[in-house]
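Every chain is named by a letter (A, B, C, D, E and F) in the order it is written, and numbering of its residues begins at 1.
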Amino acid sequence: MKKGMEILSHLDTQGNPQMVDVSQKKITNRTATAQSTVQFPPAIFKQLAKNNFLSAKGSIFHTAIIAGTMAAKRTADLIPLCHPLSLSRVNINIEEKADSLLINATITCEGKTGVEMEALTAASIAALTVYDMCKALSHDIVISQTKLVEKKGGKSDFKR
Amino acid sequence: MKKGMEILSHLDTQGNPQMVDVSQKKITNRTATAQSTVQFPPAIFKQLAKNNFLSAKGSIFHTAIIAGTMAAKRTADLIPLCHPLSLSRVNINIEEKADSLLINATITCEGKTGVEMEALTAASIAALTVYDMCKALSHDIVISQTKLVEKKGGKSDFKR
Amino acid sequence: MKKGMEILSHLDTQGNPQMVDVSQKKITNRTATAQSTVQFPPAIFKQLAKNNFLSAKGSIFHTAIIAGTMAAKRTADLIPLCHPLSLSRVNINIEEKADSLLINATITCEGKTGVEMEALTAASIAALTVYDMCKALSHDIVISQTKLVEKKGGKSDFKR
Amino acid sequence: MKKGMEILSHLDTQGNPQMVDVSQKKITNRTATAQSTVQFPPAIFKQLAKNNFLSAKGSIFHTAIIAGTMAAKRTADLIPLCHPLSLSRVNINIEEKADSLLINATITCEGKTGVEMEALTAASIAALTVYDMCKALSHDIVISQTKLVEKKGGKSDFKR
Amino acid sequence: MKKGMEILSHLDTQGNPQMVDVSQKKITNRTATAQSTVQFPPAIFKQLAKNNFLSAKGSIFHTAIIAGTMAAKRTADLIPLCHPLSLSRVNINIEEKADSLLINATITCEGKTGVEMEALTAASIAALTVYDMCKALSHDIVISQTKLVEKKGGKSDFKR
Amino acid sequence: MKKGMEILSHLDTQGNPQMVDVSQKKITNRTATAQSTVQFPPAIFKQLAKNNFLSAKGSIFHTAIIAGTMAAKRTADLIPLCHPLSLSRVNINIEEKADSLLINATITCEGKTGVEMEALTAASIAALTVYDMCKALSHDIVISQTKLVEKKGGKSDFKR
C-alpha cells in the first residue's frame, strides 16, 4: 500500500484543513517540472504560428512566461495549504507541437517541502495567459492537460 | 473568416503586450462558466470517495471552493492583460464522475468585459488545490482538462 | 423572527461556501463604522501617553492608520466570501480612553453590498499594528473588543 | 523595570517607523498561539449549533480556518513593520464554549523573530470570517477578545 | 494662490493620514500619461541596442511592459491613500533616445478620481524592471526622471 | 571588459525572460542603499516645510516611510525576475535639501542574491507616496532621480 493511503487513514476525526508541520524536516535542494498543454483548432494554430505567436494583445510567449514566473512566486498565496518557499530558480519554456503549445515550468528551491505546486501553478497560469491572449480567435482553445513531469530532492524522486 | 483573425492581422508592428481599451464599451451583466477536471487513478478515487473526500490536509471540497473563489477575485492580478472587474457572484461546485472531480466555476459581474478568465482561473486554482490535498496519495493525478463551458452578456453568447 | 434566520433555514443541502449573488441589487451609497479597542496595563499606557505614543518601532498612530487604510482596500482578498468594492473613503481615528486606544474606522462606498467587513477589517488590522509596535513592552496588551458601531445605506440602517 | 521600557526610552528623536534589524539574531524554532473569541447572542448561537455551524454562505468552520491560514502567510504584507517569515506550520482550531466560538491559531517557524503577529493575524482574520458568514443573523455578534496565549523559542517564553 | 495651498492650510490639527472622500464626485472618463527615463552609460546603451535590448534575463521591453501593466492595476495596494480604480486601458511604450529608454505609460479609467498615480506607478515599476534586467552590466544606470506628462478628465486638464 | 557584457553575449538564442538560478550561491549578509529625490517648486517646498510636511492627506514622512517599507517586502511580487528574499531590516529616512526631499532606503538580508532591487523599489514607492500626498499643490513636482547609492555583501561591493 502506498504511503499516502496510510496518512489518509490516520486523518483526525474533524477533517479540518491545516498547513502540515514541516519544521522537523531537513532543508534539501528540490526541483520540480510541470507541464500544461494549450490545444488550438488547427487553423488557428497555423495562423498564430505564421504570425510568430503574436496576438492582438502582444507577444504570447513572453507574456505567458512572465505571468507564470510571477505566479510561481505567489503559489503559497493561492493554494491555501502550501508552505511559503524561497524559490531560487524559475524557468518556463514553450514548445510548439501538433497544434498545441506545451508549457514547461521548472522550479528550484532549497527548502523543507518540494516545489511541485509551484511548478504546476506556474504552468497553469502561463497556460491561462496564452488562452487570454488568443481567446478572441476561437472558443475551441482548451487547456488539455496539466501534470507533474518530474521532481527531485524530496523523500523519493519521480519522473513520468 | 472569424472576427478575431482580423484583429490579429491588424497587430501593431511592435507586437508589444497591452491591456486593450474597453472604455467605450457598455456595461452589461455578464456570466461565464468554466470547468476543470481532476482525474484520479481508480483505486485512489475509490478510497477518497469512501472517506468523503477528506484528505490528510482536510476537507478537499471546501478548501478547493474557497481557494477558487479567492483566485477569481485575483484574476487581474495574475493574468497580465486582464481588466480588473468587480465580481457580483462566484459559485463553485464539484461533481464526482468516473474517477474524476469536475469543478465548475460560475462568475457574474456587471462590466465592460466578460468574466471568462475569472471563471477559468477559479476552476484552475480550485483544481490545483484538489491536487495539492491529494498529491501524497499518487503522482498519477492529473488536471485532465480546463475549458470554457458557457458565457453570456458580451458581443455573442457561447455554450459548448 | 429575524430575516437572517430564514436565510439560514433555506441553506442548500451541501452547505458549500459561496460568494452570494448581488448582481440584481441596486447601487447605493453605503457607510459603516467599526471599532477595535486595544487595552494596555495602566503603567504601560501612562508611559506611552507620556511619550506621545511613539514606540521603539516609531509613531504608533500613523503606522496603525496607514495599515488599517491599506487593509480596508484588501478586505475582499482576506475574507473569502466578501465582494470586491471600490471604496470612496477610508477614515481611521484613534482616541485615548481609560488605559485603552479606541480605533474607529469609517468606510464609504457606492456599491451593491455594504462596507461592514471593510470597516471591521480596517479596525482589526490597525489594532494589530498598535499591538505589534507595543508588544515588546508587555504581554498583557489585548485587543479587548472589535464590533460594528454603525452602518447606513443598505436594507436597514443600524446604530449601536 | 521591564526591558521594553528601556527600548522605548532610547527612541531616536525622529520617532519614524522602521522595520528593526534582526540580521544578527540567531535562527531558532519558534511557536506562538493566539486566540480570538467570537461571541453570539444565545439564540443565534443555539440556532447555528443546531445547524452544525453552516450559515447561508456555507461551512463556517472550514471557511474561517482557510481564511486564517492564508492570512497567517500574509502577515508581513498587512502589518507594516513585521518581518517576512517562512512558516512551517499553521494550525487553526475552533471550539464552542458558552455562546462563543474560540478560535485558536498556532504557528511555527524557524526564524530570527517570533510568530506572535502571525498567530494573532490568523486568529483575527478567522474571527472576521466567522463574523462575515453570520452577520446576516444579528448585529450583536462581536469579536470579544483577541490575545496571545503562548509563545516559545525567543528570548523568553510566555504562557498566559 | 493655487487651490492646493488653501487645502493645505485647512489641514485638520492632527495631520493624520486619510483616504479623502470622493463619494460625491462625478464619474468621468479620465486619462493620464507619465514618463520614466532610464539612463545608461553610452557604451552599455550601444551594446544593448545592438542586441535588440535582450539582456541575460531576457527581453527587456516585454518584461518591463508587463511589469508596469501589472503594477498599474496594483497602485491602490502600493500607495496608501490612493483610491481603488477599475482601469479600462493600460498602454506602455518604450522609446530609445540619446542613451536612454523613455517609458511612457498611459492609463484610462472611468472613475471619481484620476489615474495620475497609476500612470506614475506603471512607469516607475517598468523602469525598475529595465534596471533589474540590466544591472549586471553597470552600476551607473539610473532612473533619471519620473514625471506626469498629461492628464485629462478631472477638474482641470494638464499637459507639460 | 566588464563581466556583465560577457553574460549578455552568452544570451540563449531565444531571449526569453527567466528568473536565473541562484541555488548554488552562498548565503551571505547583504545590504543595499538606494535614493530617490522628489523635487518641488521652491514656493511649494517652502510652504510644506513651514507646515512640517503635513499635506491635506496627512503626515507625508510617516506615510511615505511605511509605504516604502511595505513595498520593499513586495519587491519580488512587482519586479518579475527578482528572487523572493527574507528581509531582516528596512530603514527609510527622508532629508530636506534644496527644495527637494531625499529618500534613502537601506535594506539588509541574509540571502543568495542582493537587495539592490528591494532598496530601489522602497525608495521609488516612498517617492511616489510623497508625490501623491502633494500632487494637489502643483503639477511641477517630479521624481528627479532614483539610483543605487551603495551595496555590500555580494561578489563585489559598490559605493557611489
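FYI, a contact is a pair of C-beta atoms (placed from the backbone, for glycine too) under 8 Å apart; a residue touches a chain by one contact, two chains touch by 3 or more.
Here the structure is a predicted model, which is why all the values come from computation and not from measurement.
Listing every chain that touches subunit C and subunit F alike gives D, E.
Taken together, subunit A and subunit F share the touching chains D, E. When the interfaces E-F and A-D are ranked by how many C-beta pairs touch across them, E-F comes first.
Under half of the residue numbers at the interface between copies subunit C and subunit E are found on both sides, making the touching surfaces mostly different. Measuring from the averaged C-alpha position of subunit D to that of subunit E gives a distance of 36 Å. Between the Cα centres of subunit B and subunit E there is a gap of 31 Å.
Listed for subunit C are residues 16-20, 58-59, 62-63, 65-67, 70, 74, 80-81, 86, each touching two or more other chains.
Because contacts link the chains in a way that matches no line, ring, star or complete pattern, their graph is best described as other. Those chain pairs judged to touch are A-B, A-D, A-E, A-F, B-C, B-D, B-E, C-D, C-E, C-F, D-F, E-F. Across the complex, subunit C is touched by residues 2-5, 7-8, 10-11, 15-20, 47-48, 51-52, 54-59, 62-63, 66-67, 70-71, 74, 78-82, 116-117, 120-121, 124-125, 127-129, 131-133, 135-139, 142-148, 158, 160 of subunit D. Those residues of subunit B that touch subunit E in the complex are listed here as 14, 16-23, 76-77, 80-81, 83-86, 111-112.
Partner subunit B is touched in their complex by these residues of subunit E: 29, 61-62, 65-66, 69-70, 73-74, 86-93, 108-110. For subunit F in complex with subunit C, the residues that touch the partner chain are 58-59, 62-63, 65-67, 70.
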